[in-house]
Every structure is written in C-alpha cells, then in structure tokens.
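The same chain A turns up in both complexes below, where it pairs with chain B and then with chain C.
Let's look at the complex of A and B:
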C-alpha cells in the first residue's frame, strides 16, 4: 500500500472514530453509530504511547482490538501497530518455551528446556560471575515497559550498579535539555497550537499516535501554520505549509537566528520573562551574532524566510510551539539544540498556556512497598557520574558503557541480562556490540520473539504477550493524564511467563526471594488503593483507565511556584551547565561535512514499526516489505546508479548491500535508510536477510552533555555492486 | 523524565567563573585559550566548594523506602498532613530540617518515632539528593 494512502486510512479512521466518542477533541460531532460490543479493557504495549484498548475475545481467542474511548489521551484510536498486536500473540515465529543454546553463539542451535532448567542454568552463570567479578560484573539492560520495573529490581537486588535503560538511545537529550530549563519535560498542546515548527521528527509518517492526530487536526482542520525542517521530503514535509531541506546538523543555527530576531525586535513576552525566568539579559548579548544572514550560510535556508518565520512565530505568541517531536539524538550538539528549542519556546511566553507547552499532570496512585536492598558498592561501569554528571545516573549512557566494557575499564563486565531490547539493532555499530557479546561469559534474554540479540544469547526466556498477562498500573503524565491498567485478556497460549515470574524464578535461585515476595495482584491492588476514584481496583478492571479529560493551564503561573531548577526559576542561562563545564547558553559550532565522495547517512522509521521491532508481523510487514537506500538523483547519475540496483554502502564501522532508490526527495549530501531491516535471526522470517541494518553502518558518537547516541554522525560511500 | 540519582553533586562555581565561561562560549569570542582558563578556574572553584557540598552518607535506595513508609503514610494527597516529596524543599531546607531534628508543631524528635538513626540518615540522604534544586530531582511518585 502507498504510504500516503496508509496515512490517510489511519488518519481518516482515527478522526472518524474520535468524532463519535469524543467530539469535543476535534469539534466535529457526527451522528453516533451503534456502540460496538464491549470488550475487556487493557492497555496496548506496542509503542511508548500506551493507548487504551478493548480486547474482543471469543472462545478464549482475541479476534479484534478496539480503541477504548474512555481514555482521552488515547483519542479513541488504535494505530496499525496496535491492531497488529493480535498477530504477535498468534505469530508462528514467537518464542514458545525456554531455550538454551547448544551450538556456537549465533549458530541457531537450541535445546528447548523446562523453566526450572532455564532458571538453574542462568542463575548458576550469574552466581559464578558474581563470585569471580562481583555483582558489578553483570549488566542489566532493558527498554521501557510496564514490567521493566521487575527486571531492573532484580539487577539492583543482585547488587549490580549497571542498570542500563534505553533513554540514551532515545530521548535523553530532549529530556535533559527541557529539565535543565524548566525543571520538567512538558507536553506540547498541539490540539490548540496555531503555529508549529518541527525539525526532522516526521510525525506524520514515522509515529502515528494520538498526538500525531492532534497535529493533523491542527494542521488540516484548524489551519494551524506548520513549518517543517528535514533534509528529506517526507510525508510530514508533504503536509507542511513550508518545508525546508535544511543542511543536516544546523538546526541549532536556525533556532538561534529565530531567537536573535525575536530578541532584536523585542517581540518576546517581557512580562513572562521578568516574572518567571533568569538569564534573559545574558541571552540578549549571546544571540547578537546569530543573525538570519549568518544562519542562511549555515543552514541553506534563506535569510528572509528565517526572519519572517521568527516574526510569525512570535506573533502567534503563546500558541506558537517549536515542537520537540519524538526522535532520537542525531548530532553531538543535540542537547544544546534542544536547549535552544526550549529557550525559543520560553521567550514567546508559551509556558503553561493553552496552545503552548504545558507541564505534565499526573494521576495519583498507590505503591506496593517491597523490601529495599543495599546500594551497590561499585560505581557504574559507564562512569556516568564522572563524565555525564547531569545525565540520568539511573538510566546510564549506552555507548560510553559499551566502550568501557570493551576496554574492560574500570572493571570487567562478563554477564549481560537483556529485557525486551535488541541492542544489535538499536545500538549503533553492530560490530562493536557483537564484539561486546563475544566477551561475555553469559548472555540471557527475555523477549517474546527471537530478536537478533536473542539469537546470539545463551538462554532465552519467553515472556508472555501483553494480552496474556496483568501488569502494574502505570501513570501516563500529560495534559490529559491517565492511570492505565494492563490486565490479562487471554491465558498464555505457550509455555511463557510474565517478567515478574521470570524475575522471581531467578531471584529464588540467587537467594533474593525476600525482595520479590509478592504477586502481581498484590502489587496492582496496592496501586489501585490511592487512585482518585472509588473502588479503584474494581474500576480499573472494568474501565482500564482513570483519566482527567479536562486540560488545566496556568497551574504553575502563580507567585509561589518554585520550578525544579537550581534557581527556582525557568533557567535561560544555566549556572549548573557552566559548573559542569558545558555552555550555559547554546553555542553553535558548524557540523563536520562529509568529505568528497561520501554522504551523511540519515535514518528514520515508519509508523508500522517500533524501533527495530514489529517488522515481522504480516499486517505491518506488507506496508514496508524491505528498506532501500535513498540517493539523490544527481549523485546517482554521477555514480551510474539506478533505482533497484544493488549498492554497497560502507562506513568506518561496516558495510552492507542494499537496493538503491534514486530520488529527488533527498539532499545530494545525504543518503537515507529505514531502520529495522537486515535481521540476522531466521526466526524473524519476513525480514531475515531482507534489506540492510543501519546499525551495521552507524559509527559510535554521542551527545556531549546527555551521552545520548548521535545517530547522524556517520559518513558513507556508495558504489554499485 | 525518568528519575535520576545524585551520587556526584556538582559544586557551584563563583559568579566570576560563570561569567568567564559564559563570555568564552559566545560566538565570535576566542574559542581557544579562554575556555581552558575558564575551566581551570572552574575546577579550582569546584575543588574549593566540594567540602561544603558534602552530602550525608546514608543509603539512597533505602532512604526512598523509609521515606515512603514513614513519611508518606501521612504526607499524601488527602492524608492527615501536607503532601511531601523530595521536591517540597531545597537541599538547604532539607539540611536545616534534619539538623534541627524536630517534626511538626509539637517538635517531636525524629528518632525513634519515625525510624532508627540509621533509617533517618537514609531518609535525609534521599531527600537531599533529590531536592528541588538538586542536580537529580525526583518526585517519589508524586
């Protein structure tokens, strides 16, 4: 199916459904259809948005998933991925029982074993590692999920300081930049914004979630102005009022020039700045050299356009947002680029206003009190406290960690437990990750499918699918905050277990049972007790969600407000950054340009995939059966390459062969590749050896402040095979 | 964003050093030499400030647990006392509270009613590490 047609289908379906159940969100009430039969309420797991779902079950089998209109945050929609969750449950390639490797790593020889044998085997290896190297000799890495807490807790109870979460492959630079400025990471009120600028996040194509629908509603229905920057002509570019093929790595120059114009012409919100912020006086001098003429030379965007966009943005005032979007870090200055975004938003006074940036509200919930363990005795192997003192020490920094593990400093790490994550595809430089795996005495993976990383593991623990288990209640902060329950819809169809029971099985053999002496029902019951609704547990089982449907604006605009920053104010100038040796205001440095004959590799993904996952599911795979290499038509002509030709793409990290797509929809200095293909695991039959994996090519680079992986710092050459 | 832990508080530099760093960081300003000088001064300032910023040595992890168990039994939404999280005070305010060692208007001592001396130290560690002006602020679940 054509990608635009797919978007139209998703968009039209979402809007129509929304207008029936929640007409106020889009203001277009239509005649209500007969309500569908109600299913079992639960919560989707196929992306970080966690939409509320009604599962329709017949004879013990899920046959349809519908959106749950009771959660305003979900906008009564369920995207393509959400619908395809059914295929995940009944996927013939799914992991069906515990497996222990019998051949060489990656050879694909497995022995199906009982849970007891798998637990005994893994616990024995972990205990042996602990005896030889201490608990810090183990690494516990995971990606987000409602049961991730149990996996992390097992690692911490075991005594390891090396709990490694996904943000440094994702949004760590965004989160840190907004936190350093506002003391929190706000939401963007896209439903009510009148002027939206977005740089590269490609929200109309790569991530179709409820806030995408707000953006589509804003742009297409309310005629909000939408300006988009991207070196590539994406679906999002096609829907924008203005698209600029900005020179890669120069977003910061564009933003600084906008700030320059708004400051020079005094179009900022003076009352807001005086009352709530510190450091604006320093900003005035700081941005003086960053003129639109200067920015034109850096970005390739005409000076007159930068000037006009800055004026339009300021004129839209508190309903103008430079939207952070959802995308990973691309350059080593990503944190400072995000800081500049935050400052630009700040000076037009859109903080905590309708149509602007809104601090997230939460829904109160209770907490299950489990026995606490001792703090780890060793420092983290990634040395995050020393080298990235402002970054989240609890999440760690992935790439610096891998560098240290490969070097064996400050101490050896010899066992790796992995939950719900595929580092071979999600972490740049697959060759290095494979080398890191080779150095491990033990690798254990918990997942629902045989990912590439699982394929190289020693033991694989099959997790029950989200429709087969009950998870902790999760609070989803936001403008429309919600607390959601994921409850079991059908019994596990294979010999699988939820992550909690996997953690308990290992804990029992590691002498850590006291820390896991509870059931999921006890955990959920404790959480439900403090929900802002009567009979919380009963309510959640019946409705799946407690949510606030009315937005609240201006709650932090009161005289007593102390922002969670060092000064207690919104920090345009950051003392804390200066103290850590970083620029206290964003400073621009031109990005390195690809040498002659090489191209900057940029990457992205589709709304049918989450990170590198889900491409194996038939309903999703048919939309994107294979990735290819986008190459500008002028460059292709010079190289003698035509669409469909096989080309060899090479960086200093690795080399892949992939089909070429010759197009005018990308700058001549870039090539593009879709994320999530070229899998090594034959158990992902649709994408096994299909296309190429970007992680093979990506070189190791990270943002200097947050440690976030910088995904667009790789140059490649391209030759026809 | 996710919760963050402060194991390595960043000491505050003097205003003079901050200005120097700021000036060196501007476009058009010298990009070589000046930052090194600024960094050298910053390092000196950090070394001088470090002893003043010494934090309590209790357990952060256990402090969170005991805070929830002892304090949050009352200091919650619709509880018998005002909602309290680490963000409710600055690091200096938390230090002052624990230095005084008195609770509420009645001025009860913290030990033994709210925990052993070791547990109170853990709570103090957790609250100061994650106070509203700390480098790793934390809400403790609201």
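Let's look at the complex of A and C:
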C-alpha cells in the first residue's frame, strides 16, 4: 500500500496514535510540549480487583487506559488485562445485537433480533416456566460485577429462590473458615508483614492485586521473608526465599505441625489468647500427635524445615502471616485447612496488628431505596440450608445444585438465566453442565462476548462494555478501603444495553416494572450522597474514587469488642461446627493418592486472562497462544512423550487431546494445564478448538463444610496419541 | 535566559521484581499501536535447573537509547537520530526501510513494521515524556520494576538508585553506551 494513503487512512479513522502524532514526536525537537491530557476516571472490570483507571479518549474512541494514582487500592498500576480492555470494545467478534437461536442448541445458527423481540421471547419463556413449575423452576446464576445486583434482583423479584452466585466456585471455603473463627474475613497486611507463608495462592502469576505489589516489594527489598508451597514451580515459587513442592492435598498437615511446634515450645502470644480467644486449651491436646516428623511423611517437607519455619514464624510474631489470599478450594477438606491457617495466624497474635491480619474497614455510601419484593415461597433447589447449614444461603452451592437439577429433586428447574458467567468452563465436569443445559426449556445469557455457554443458549443479550456504561458505586473493603465509580467513557458502539436496562426490559414484560422504576443516575446519586466527601457525585465523576490511604490498626482490640461468633470471642474451638456435625478443630485425613499410572490434575491461572475469559483478546492471546499439559521430565521419559507430542488425557469425567510440555517445573505425581482454552464457541476465534478445557476433565467434588467446588480431586491418565 | 542544560533520559530496571506479567508489553502496544506479532519491548526469560532445584529470571528489555548508538551511525538517510535528551528515534518520513539499523543494533531492539513499512522501536514514549508524563511501560508496571528519569538531575529517583545500588548494563563491550541500567 502507498504509505501516504495508509497514513491518510489511519488518520481519518482516528486510529494509530503513533502514526497520527508522528510529525510531532519525530519533529527533531521542534514539537511544542502540550499539558498532560487528563483522562476520564473510571473503574476496570477485567478482573475482580477493580483498579481505578483514566480513560484517554480521542474523537469518541478510547485509545489508552492509564492507571489512576488516586486509588491506593490499585497501587497506581494497570496489568496486561486492564490495558487490553480497549480490545474488548473494538473486538470484531463482540456481541453486537440481541440474538435468538434458530438451529439446534450449539449449532451456531442465530437470528439477529430487536431488543423488543428478544425481551418478548425471553419473558414469554420465563412466564411459561413460572406457570408450569412456579418461579422456583427458574435458576439465575451470575458472577460478580457492579451490575450483578440488577440481575439478581430480577430473579428475586420474579420469585425464584434459586439465585446462584460465584463464591462456591471461588473462595466460599476461605470466607467461611475465617468467619467461623473471627466472625469476619480479614485482609492481610503484606505491606508491613515480616514473614509470609503462602500455599498455592500463586499471587505473582495468577492474579495481580495490591497484595502482589506489596509482597514483591517486601520480598525483594528484604523487608519480608517469604515461604511458598506449591507442587508446581510457578512465578511465585521463583521469587520465594524458600519453595517446597509439597505433596498435593497435605497443606493441612504442614499447618498442623507448625501449630504443634508453636504450642509445644510455647511460642504463642499468651496474653492475646487469654484475652480474646476461646478453646486454646483444647487445641493443645488436639495438635499433640501432629509432630514435624509425622508431617514430613505426609507432606514430603523435611521435619527440620517445618520446625525451623514454625519457629521463625512465631518469632516474627504479629508481623507473621499465613496468607489465605485468593484461591479456590482444591480438596474436600479445604474448609478445615483454611480453619487451621486461621488458627495458626491467631495463636501468634497477628490479629488486627500492623503487618498481620486486619479486619476490613469500609467507606460508607448511601443506598438507593427500591420497592422490596416478597420472599420466595419455595426452598432453594440446592438444599443449602439442609446440607450446608453454615454456608451462605444467598449465594448457593454450585455443584450440589447441578446434581439436584440433573435429578429433578426436590423439584424441576427448567429455565436458566445467566449473567456474565461461563458455567461450561468455570464449573468442573463440562459434560454434566451440558446435560443440565439440555434439560432446560429455556436458557438466556447476558454477556459482552459469545462465551461457550452463550453459544448453547436460546437467546443472547449483549451487554454494553464497562467503558460504555455507568455502574453503581462499589465499596471495596480493606485495610485501605475505597469506594469507586465506573462511569461511561464512550457511547455504546453497538446495539447493546447495560444489565440494568436488560433487567428493566424483562421486568416490564413480566409485570415487575415497579421494582425497577429508576435510572442508573438516580441509583448512583443516592449512593454518592453519603460518601465521606463533599459533593460526592461531583467528586466521583472527577476522581473516580474516594479512599482512605491511612491504615488503622487495633480497632477491634478493645475491651468492649464482641466478635460475631457464638462466644463473642475468636473461636479456636468452634461449638457451632460441632453442632453442625463437623470437626470443631481441624482433623487431618490423608488425601487419596493417584494409583500407579495416573496423575493428579492440578489447575492454575495466569494474569493475562481472568479465569476462562479474555484468552481471545489478541494482545493477551499472543502471550498464551495455546495451553499444554505440563508433565514431569522423568514421567514423560517413562511414557515416551516429548514436548509438542499430542497426548490424550482421560478422567472419569471426560477426555481431551492436548500438546505435552515436558518440564522440570512440576512434581512427578501431578499434571497441570492452564484454564481458559479449548473453547466451543467459534466467536472466540483465537481459542476456538485450541488447546483443551480443564472443565472437561474435572470430576465433581466439593468441600464438605462450605460446598465449595474442590478442583484438585481428579486423577487422569496420559497417553501419547 | 540561557538554555537549561540538556536532560539525559535513562531507565533503571529492578528485574528481581519482574513477574513476567506482560503489563508493560500490552501497555506499549496500546500506547503506540504496535502491530500483533512484533514488540517494542519484551521480557527475556531464562530457565535452569532440575526438579526441585530450579531458577528462572525475567529481564525486561527494549531499546537501550545508547549514548553512541550504532543504529544512528549506520542509517544512510538520517532517519535514525538521537535527540539532545538522549532519546533515539526513527523519523518515519525519512526511513527507506533498508534495515541496516536492525542489523547494527546489538540488542535486537528494532523491527520492521509491516503496517507502516518503516523501522520501528521503543521511543521511551517521547510523546508522553515531552508532556511531562512517564513512558507507558513505566507507569503501568504493577511491581514497579522500572524507574525512568533524567540522569543529569541529582534529585531524580533514578539518580538516587544508580548512586546507591550496584548495577550492570547489557553488552558493555559494544561501546554503544546503553542506557538501560539493571540493578543487582
């Protein structure tokens, strides 16, 4: 192409910042220096950390997202995904208008329709389901997001008890374990900690949040010692002072042995334990058998190291943390492993101290008052109250729910509305999820891209991208709490709507308009009124955030403090657990080990993707073009497998073909594959049929107490194709 | 008023903090519209050892904006040039695409841009720097590996780091005088 013509074209399209501006950049120093352009503050949506960003807009197009330094919670950074958000807006494969399926489910034949037609169609199906099975015959599942509230509210106003949120695929077990111990889920003050132990929460690779930055700063500037346990040599392992390739499923043994040492050698914080806790005396007897020698046999970590680490940890006192972090459940004892972590943290007295565990503070905001609806008449289909009495009934339990729906007990569920979630990839055992979908009379999906789940839906509602809409103000609790606004930066470029307007469109046709009689601006205005800042709304539009940058320690260490537990104290021994039929102190049972010739399948994430999403964006995809199966060098030699060979991986749930990666960076008894590949939706063109989806292989298992999906309970065999 | 003394821009990298997260690479793509498959900056990865004694290092690299840039010396048209503040640039209009500079660069920092049909490379985001901003890779970096600044300013964080920490440059033997400083 003629170069002048090319430059004209990009100039006219408003693209290519370099090209447009190059006379200025390359003008041999003659360019006049312009003042820095100030972008429009808003809030990233590409992962759950929700960093504050400044959107640089030129001629109605977002051309760059920069970090907004005003929010301490985003530490003046923007990760690869945050930077790539622009590509989502201008993605040629984006959902551009409502679609109704015309062929068989999954066949990929779609009819573009008007919003009216899509609403009429979906509302008709939902009403028919209600008429036949009652409102409880509908399931409303969603993942977290600022507009999730509207989707959830629609399900509740419709009368369904079956609102299913993401925690039981995520951190329900950790939240429950810390709540059962402290009455709340604290944050970890990694900025000031001196000794950090982390088990599997791969914080330097899988997810980028303030904790990532604080810890890397702490470790590399030698302010903190960092011990890491993981069967795989991750980026986090590579940065740790000590890495142990622990035998999978034995974290609890390691923690119990640490507690054993600290108790035996009386290195605990006696004053703290006397004043604030109950049940320490029972713990002393309970951990007596859990010696470091015993733990060495279970974990494969030398007892001398366990002994030393326990001593170092206790000596660091209130600046030592066993970090919970974000990490899903891996084993059916996950809750008890988390409880042991909480107890270990508790006995060194790091509660509510600088460098320890700190209860979260919140920024106050107003609430928009909407018309309330009646409580649903039917019980939940997942029977969470009966089977998981301690778990969060408003979030539900995903895998037990799927089992019940497949069996049709206690009643049939025949319509499924899904917001922003891709159950075919995020829920173990894709085959079962497909079966569950087959049993549905109706499936509606709200998303911005054609996920695998959307591909199997009956109607797809395209949501506007986060840069195209304004969302409710979100309060982000923490040591440095913030409230953030996501405000519209550019007009929607396609025929899309924000979730609120989608909920309103359906509500109108379902006779539920009274419950949604407001605009997003009214909602945000009500919230902004009570922010701890003058002219709240104006402030949020101008800055995007209001935050407390000073940490406060020790607010719960006063005589009047009553913890939200049965005893009002921190509960090392938990009577409520005993009453619910669970171990009141964490009891170790060795995990089942893979039989000869099989491997434990372990999972992980990379921060160029968020769970199973984003792998399709070209700027991110070029760093992870395909996933592969990590296989230890010695095992690969035994099986005659070399890097790049196609292998067949099989579990009782399913089978996939994937390329092998022969590596030293994994234990011989495990195999690993990255999440987010092997997509079934051709509209995710970079990852459609590329690599394999771990959800095909994962078997159904859950944590006994929280109902959280247990992701590491699958054994596979591997054969060269 | 006399002209102020010229600045000398440089970058310090604390690679130990690098977690290979690719934020810098994607930010550069967004800021500078770099086509797919080619990169103005990268993260070099080196792995060694056998299970469980393993090591991996991540070293971000891009144009070193050398003091005596060989790319500028070999350019037949003057398209490759160095500004007074040390930033090495390519004037698109003057580049004939002969690629001598790509060969002459000891760091593999340059590439041929198939969209613009000229040689492309890191500019230290000169357009942002001229507005008083940081290069996109520096601003976005989550683990704050990068420090950008003016070597002639004794108060700059960059100056402080170089006067208090041990550092190295890559391939000093070329005599190019590279201006990416890697901390030990």
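Quick notes on this one:
The rule is short, and it goes like this: the second predicted complex is superposed on the first by the 683 of 721 C-alpha atoms of A that agree within 3 Å, B and C clash if a C-alpha of one lies under 4 Å from a C-alpha of the other, contacts with A are read in each partner's own complex, and residues count from 1 in each chain.
By definition in this document, a residue touches a chain if its C-beta (ideal position, glycine included) is under 8 Å from a C-beta of that chain, and two chains touch if they have at least 3 such contacts.
None of these values were measured; they are calculated from a predicted model.
Of the two partner chains placed by the overlay, neither chain B nor chain C lies in contact with A:705. Contacts of A:385 after superposition: chain B is touched, whereas chain C is not reached. Once chain A of one complex is fitted onto chain A of the other, the partner contacts of A:718 are absent, as it touches neither chain B nor chain C. Judged by the touch definition given at the top, the superposed model places A:344 against neither chain B nor chain C. Touch criterion not met for A:126: it reaches neither chain B nor chain C. Within the superposed three-chain model, A:167 lies in touch with chain B and out of touch with chain C [touch as defined at top]. When the shared chain is aligned, chain C comes close enough to touch A:216, but chain B does not. In the superposed pair of complexes, A:499 makes contact with neither chain B nor chain C. Residues of chain C touching chain A in their complex: 14, 16-17, 19-23, 25-27, 29-33, 36-37, 47, 49-52, 54-56, 81, 83-84, 89-93, 115-118, 123, 126-127, 130-133, 136, 139-144. On the side of chain A, the complex with chain B involves touching residues 156, 165, 167, 175-176, 179, 183-185, 282, 285-286, 289-290, 362, 364-365, 367, 369, 371-375, 379, 385-386, 389-395, 475, 530, 562, 564-568, 573, 575-576, 578-581, 583-585, 587-588.
Across the complex, chain A meets chain C through its residues 1, 3, 6, 15-19, 21-22, 24-26, 28-29, 31, 33-37, 63-67, 75-80, 82-84, 86, 204-205, 208, 212-213, 216-217, 220, 233, 235, 237-239, 243, 245, 607-608, 618-620, 622-623, 632-633, 664-668. Across the complex, chain A is touched by residues 1-8, 10-13, 17-18, 21-22, 25-28, 39, 42, 46, 59-62, 64-66, 68-69, 76-77, 87, 90, 132-133, 135-137, 141-142 of chain B.
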